[in-house]
Amino acid sequence: MNTPILSVRNIGKSFGGIRAVDGVSFEVNKGEILGLIGPNGSGKSTLFNCILGQLTPDAGEVTVNGKNVSGMRASDLNKLGVGRTFQQLSVFPKMSVLDNIILAGQEHHGTMLARLFGPGDAGLTAEAERMIAFFRLSHLRDTLAGSLSYGQQKLVDAAMAFMAGPRLVLLDEPAGGVNLTMLANLKDRLVAYNAEHGTTFVVIEHNMEFVMSLCSRIIVLAEGNIIAEGTPDQIRSNQTVIDAYLGG
Amino acid sequence: MSQFLQVLLSGLATGSIYALVAIGFTLVWQAAQTVNFAQGEFVMLPAFFVLACMSILGMPFWAALLAGLILSVVILGVLFKKLMVEPILPHGGITLIIATMALGILLKESVKEFYSAEAQPFPAMFPNDPIDVFGAVLSMQDILNLVLCLGIVVLLTLFLNRTRTGRCMQATAQNPAVAEILGVNVKRMILYTFLINAALAALASYLITPVYLAKFSNGETLGLIAFIAAIVGGFNQIRGALVGGLLIGVLDNLTAAYVTAQYRAALPLVLLIVIILVRPQGIMGTSEGRTV
Amino acid sequence: MLELKKIQGGYGKITILNGVSFSIPKASITTVIGPNGAGKSTVFKAIFGLLNIHSGQILLDGQDVTRQTPRQMIGHGVTYVPQGRNVVPQLSVYHNLELGGITASDQANVRKRIDMVMDQFPMLRKFSDRKAIELSGGQQKQLEVARALLLDPKLILIDEPSIGLSPNLVQEVFQTLIRLRDQGVTILMVEQNAKAALAMSDYGLVLELGQTRMHDKASALLSDPRVGQLFLGGHIEAEHAH
Amino acid sequence: EDTVKLGMVAELSGAGAPAGTNWRDGIKIAVEEINAEGGILGKKIELGEYDTQTDPQVSRALVQKAIDEGAYAILGTIYSGSTMVNMLVAQQNGTPQFVGSESPSIVQKGNPFVFRTSSGSQKGIPALTSYFTGTIKAKKVAVAWVNNEFGKGGHDVFTQEMKKAGIEIVADVPSEQGQADYAADIAKLKQAGPDAVFVYMNQEESARFLIEARKQSLPMPLVGEVTLTEAKVVELAGSAADGAIAHVGLTASATDVPGIGAFDKKFEETFKRKPTHDAIKGYIGAWTTKYVTEMVGELDGEAFAEKMHGLCLKAADYPKILLDTCWDEHGEMSRPSFMVQVKNGSPVVIGTVPAN
Amino acid sequence: MAKSSTIRILVILGLLALAVAAPIGQKNYIIYILTSWLIFTIAAMGLNLTLGYAGQISLAQASFMAIGAYITALLTLAGWHWIVAMPLALLACFVVGLLLGYPALRVKGHFLAFVTLAFNTLVFLVLRNEDWLTGGSIGLVGMPRPDFGLFSTMKQLPFYYFTLAVTAFAALAMWGIVRSPWGRAFKALRENPIRAESLGVDTRRITLLAFAIGSTYGGLAGTLITPLVQFIEPGSFALAHSLRILLMVIVGGAGYFFGPWVGAGVVILLPEILRFTEGYYLIIYSALVIVMLIFVPSGLIGVGARIRDKIWPKQQVRADMAEGASLK
């Protein structure tokens, strides 16, 4: 019961001469909302990519629910209930918003062969439409995702991470470019989802108001190393973090 | 031994011609991120401009060469860019690629219909006297091809990477939207690319045709081999075209001489596939960088 | 200094801007806020000559600049930092910066300015030889913002500079903008980080459904309860969405 | 009706275009002459042109099209691969067909409607054997051939002939159509050191081969069938062609033969270039159509075909046939042929080979 | 919604009726051309899946036609019925297509173009050089057309209807694939493979399938070419023909279901229509293709919409206008 849902041990990754992630270890407990912050280029996104199979780390080990998933492909991880978003916009530009959202859920419905012969939407239209409505994009349901505004694409991106009913979601800057009111909705959504399903979240964010009010624990990364860890209040008053990141 | 040397040296000489054509591919890629499938025909045509100037207008050879160069730059450079590249490029590379295939047919068939279906001899710019190199025979022409090719690679690489105009051309290819916002004259950069490409094609044409003979269908094989050379070299590096071209020239000859003539068109390809699978960015190419 | 008169325009068949009008004075900072998809970025594109404008007029210092090309706009002293990522991927950081000043006639001055912005964003100096694509998201944004400072513009259009920047750098960027304004540069900015942005701005502009809804002193918008509720994180809408 | 339609189906584009256009132009001259003389059975010839793009499938469709459009006889195609397919269509429709192809298999299919305009390689190449055994007294030879259906056919016949004659083949060097670089081929031949090399390639390939052979100074005689000494090849290869020898069925350089000389002149006047053997073949095909139809006395494909089998036409009686020519019961033809050598840049007849 | 789908069904039925009626009263030659149009439509449909939907460039479609054609030829010449030979040919193409898909897991874009191009060259050379099996450059000749007891396809017209039936069936199957979640996964692979992978799409499998299914369609076209032409030789399956199929896909409209039909129509029928210009038809044809690509770069399938927009330029208001502003 008490095994952490995600445990990262000693992950390291270099690019040429740059040590982007330098032997980072931490654990995330089930049902936690963890914040991951740090200056630009401190290795946050690289860490995500190493955990989720988009990059192969030079060293270290990742376990999800006690299962070693190092080297596992992203699609298999997703099937284990791990969802994510990317820092840069990554919708499918020439597919409609609805198709984007359905795609995010369809691979979890039945076997591959059954999907070929099943309904075209894998029975997901209703759920997808609810999701779209929540993010107030209903009027854009059939619009190509590539022609949405930045913030709207960001929302579609976030919506996709939820479609598969994940147990662990890693969000890379979900707030960037999202209107403050919508952001409040998003935060509510995260909290409610977390409460209802016990879903665990790890959030990278530079919007301090958002992180501090959302997360129960925060890890601070700088130059590939963890330099601080604690509750929002502890982080806010940590001088090292203020110097390196928050500013005066 | 002298057979081996002969095969190797001749392979290098032919390879340098492939390289010269392949440079066009990498140049167009680096400056417009598209592939010109009519490149072979671009090399076939200038020789016919020269022949036409000589036979129809009665120009002397050197004047005809100059006229051919000018015609190439205007038709294969300016007009090609204005009439085809500019309207189609914004709609994506693949459409332009297909359009250039059609252009290839158009050029080929026009030469055939309006000039001649048969091969024509073409005078050499340089003497073709054989030179003995440790028992192998090369011609002055062969050696000049190699030297010229090398020189062009060096010059173009310097131009693209060391001059502001060169970097503007790269910016235009890699991210035209940003280039435009920053005030780069995008249209002009694309024009430069195609002007250089056309001039190079004319040069290649002049060097190749004395050996290959002028024929409307020359572009088919030449374009294809050069395309392969460019890819194998890495496509995003001018010097890659040189390496790719020489490699194919040599591999092709070695295969034919020592392994199998029946499969000489395939064995080098299979070898190159292996190389590509091991080094997906090509031999000299650099990886396009971070994707996530 | 900049005036928009009933601008209508859009993408293809869809009209996005339904008559946007406003004018901003010289040497001021104006922040545009509004919900996602309101048309903020579209207004910028309209000004910079990147949008199909159906009707209306754009005046810059009294001169009609409607439907001019980006190159012409740069010639008038306007620079634009779009939303999202906008670097030349395979060129080095230094050469990306250099492109920022490509239209300047005095290249020595551009080199001096590059040195200056490198002091401001030390990361750029450290990584000046690396390809831009290899930088992290925030580093790329720094590069973009820095690149916009290389010319001597009259008017800067800057679309959400804070996305992806760490908080200390957001402050740095805002300070820079204030400094520029004090030197007489006019700044038009879009920001979702609206409270902070309005706090440093002279004027605020609310855009919704492709129309100007409010245009006032920034402080007035900040203290307007309706604006707060609708666009600055009020809670009323979460309810009826369920 | 006062016209008779002929379907000229040939390789007007694609790899076969040089052959095809010559074929067409030879026919054009013949048609002009025939029409000037009042046509066939008093009806003017209407020539339909069909371009196969050197694609067998297209050629099949076009033979069908020509017949659909009322062609009385088909003239073409030249590439054996195409002929193999499209002759089925002509056969099904009972339409006589004159082809320029030289692959042996064409007349081995028992198709009663197909007729050659030149003898197949299984007849042409054996005519060379005596040259190798007698004139050169070769013990070992090499063969350099283009690996397409044309070259392959010649290569196979040649190797068989040499085996029969007890001559060893010390190097067998195939090359690709459109190949540009013959350095490896020549180096290989040089290494093997045969007494003579049999060269069987298309025009430009022959020329490129000769140029590279000269460059590497390949010492032994180069002997070919038809193409190697053609005017075009000589023009292209320049001085490198000097010394090359070939056996040719028809050659425009055989100007001693009155009909050929006249044709050569007329062709050059009309098209500003020298005719190739394909042009002469097309010319003969068209004229034979007239001669034989008029012998039959009506436009009847079946009767025409029947008449053709075993027919011999003497140049004395039928001048436009150029040389005495016979067709056997398979449609194979035979007529006297020539040995030609390039001397000082022009092909010269150095001997005559009787019909076989 | 319902209305537009009934319209679509009516249109399809109408086109089908047109296809049934088209060859009636035509000469053999026209029927032959119509038949090859159908066959190339099948091949282009396959490439459209691989390239248009899944975004994987392949320059080897003709070589799959070759594999299908040669297997059918060899088996039918050995006395097997087409109906037995065809599935075997398809199976072979499916397997080889899977294998060709493997490089696509490592390389993309022009590198993939090169690998598939090399494959096409290799297949061509094997067909030409291994003449003990394939007849070499002379080819294979005399393959029978299938005979289904009461329905013999020996004549041109019945063969057309036979091909039409096979094409309709193939189109139906393709429709089933692209409208299923697979179709969405193919598109996702084309648009953003990394994101697709992170959403649980097994991009490896989908890539391989895109090649395998596309190749199978190429093979199916091959199994029909054999009895149509009754002669095959390596040259009919050289690289140029792969490029021709690619041309069909692009000219028709890549990634659109009906694109291949239009594209194959243009590439096969247009030259026929232009034949009256004799020597110039290829020149005119290629010039027309270029002009087409300049004016409708996304394929002819979109030309209707473009013309409509030209004639009735209609501005739409933004969709969220109806909801009204929240700040009055």
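Just so it is clear, A, B, C, D and E label the chains in written order, and each chain counts residues from 1 on its own.
Rule of thumb we're sticking to: contacts are C-beta pairs under 8 Å (C-beta built on N, C-alpha and C of every residue); 3 or more make two chains touch, one makes a residue touch a chain.
As the structure is a prediction and not an experimental result, all values here were calculated from the model.
Traced through touching neighbours, the fewest hops from chain C to chain D number 2.
Listed by label, the chains touching chain B and chain C alike are A, E.
When the C-beta pairs in contact are tallied for C-E and for B-E, the bigger tally goes to B-E. Here the CA centre of chain D is 38 Å from the CA centre of chain E.
Averaged Cα coordinates give chain A a centre that lies 28 Å from the centre of chain C.
Inter-chain spacing, taken between the CA centroids of chain A and chain D, is 73 Å.
Note: centroid distance chain B to chain D, computed from Cα atoms, is 36 Å.
Residues of chain B in contact with two or more other chains: 109, 220, 262, 265, 291-292.
Contact of a single residue of chain A with at least two other chains is seen at positions 45, 54, 86, 140. Shared contact sites, meaning residues of chain E that touch two or more other chains, fall at 129, 194, 279, 282, 320. Contact annotation for chain pairs lists A-B, A-C, A-E, B-C, B-D, B-E, C-E, D-E, with touch applied as defined. Taken in their complex, chain A has these residues touching chain C: 15, 38-41, 45-46, 87-89, 133-134, 136, 140, 147-152, 154-155, 173, 176-185, 188, 206-208, 245-248. Those residues of chain E that touch chain B in the shared complex are 57, 103, 106-107, 110-111, 113-115, 117-118, 121-122, 125, 129, 194, 239-240, 243, 246-247, 250-251, 254, 279-280, 282-283, 285-287, 289-290, 293-294, 297-298.
On the chain D side of its complex with chain E, the touching residues are 12-13, 49-51, 53-57, 60-62, 64-65, 68, 80-81, 84-85, 88, 103, 105, 147-149, 152-153.
Listed in rising order, the residues of chain B touching chain E in the complex are 29, 35, 83-84, 87-88, 91-92, 94-96, 98-99, 101-103, 105-106, 109-110, 113, 220, 224, 227-228, 231-232, 235, 262-263, 265-266, 269-270, 272-273, 276-277, 280, 282, 291-292. Residues 27-29, 32-33, 36, 128-129, 131, 136-139, 141-142, 225, 229-231, 233, 235-236, 275, 278-279, 281-282 of chain E are the ones that touch chain D when the two sit in their complex.
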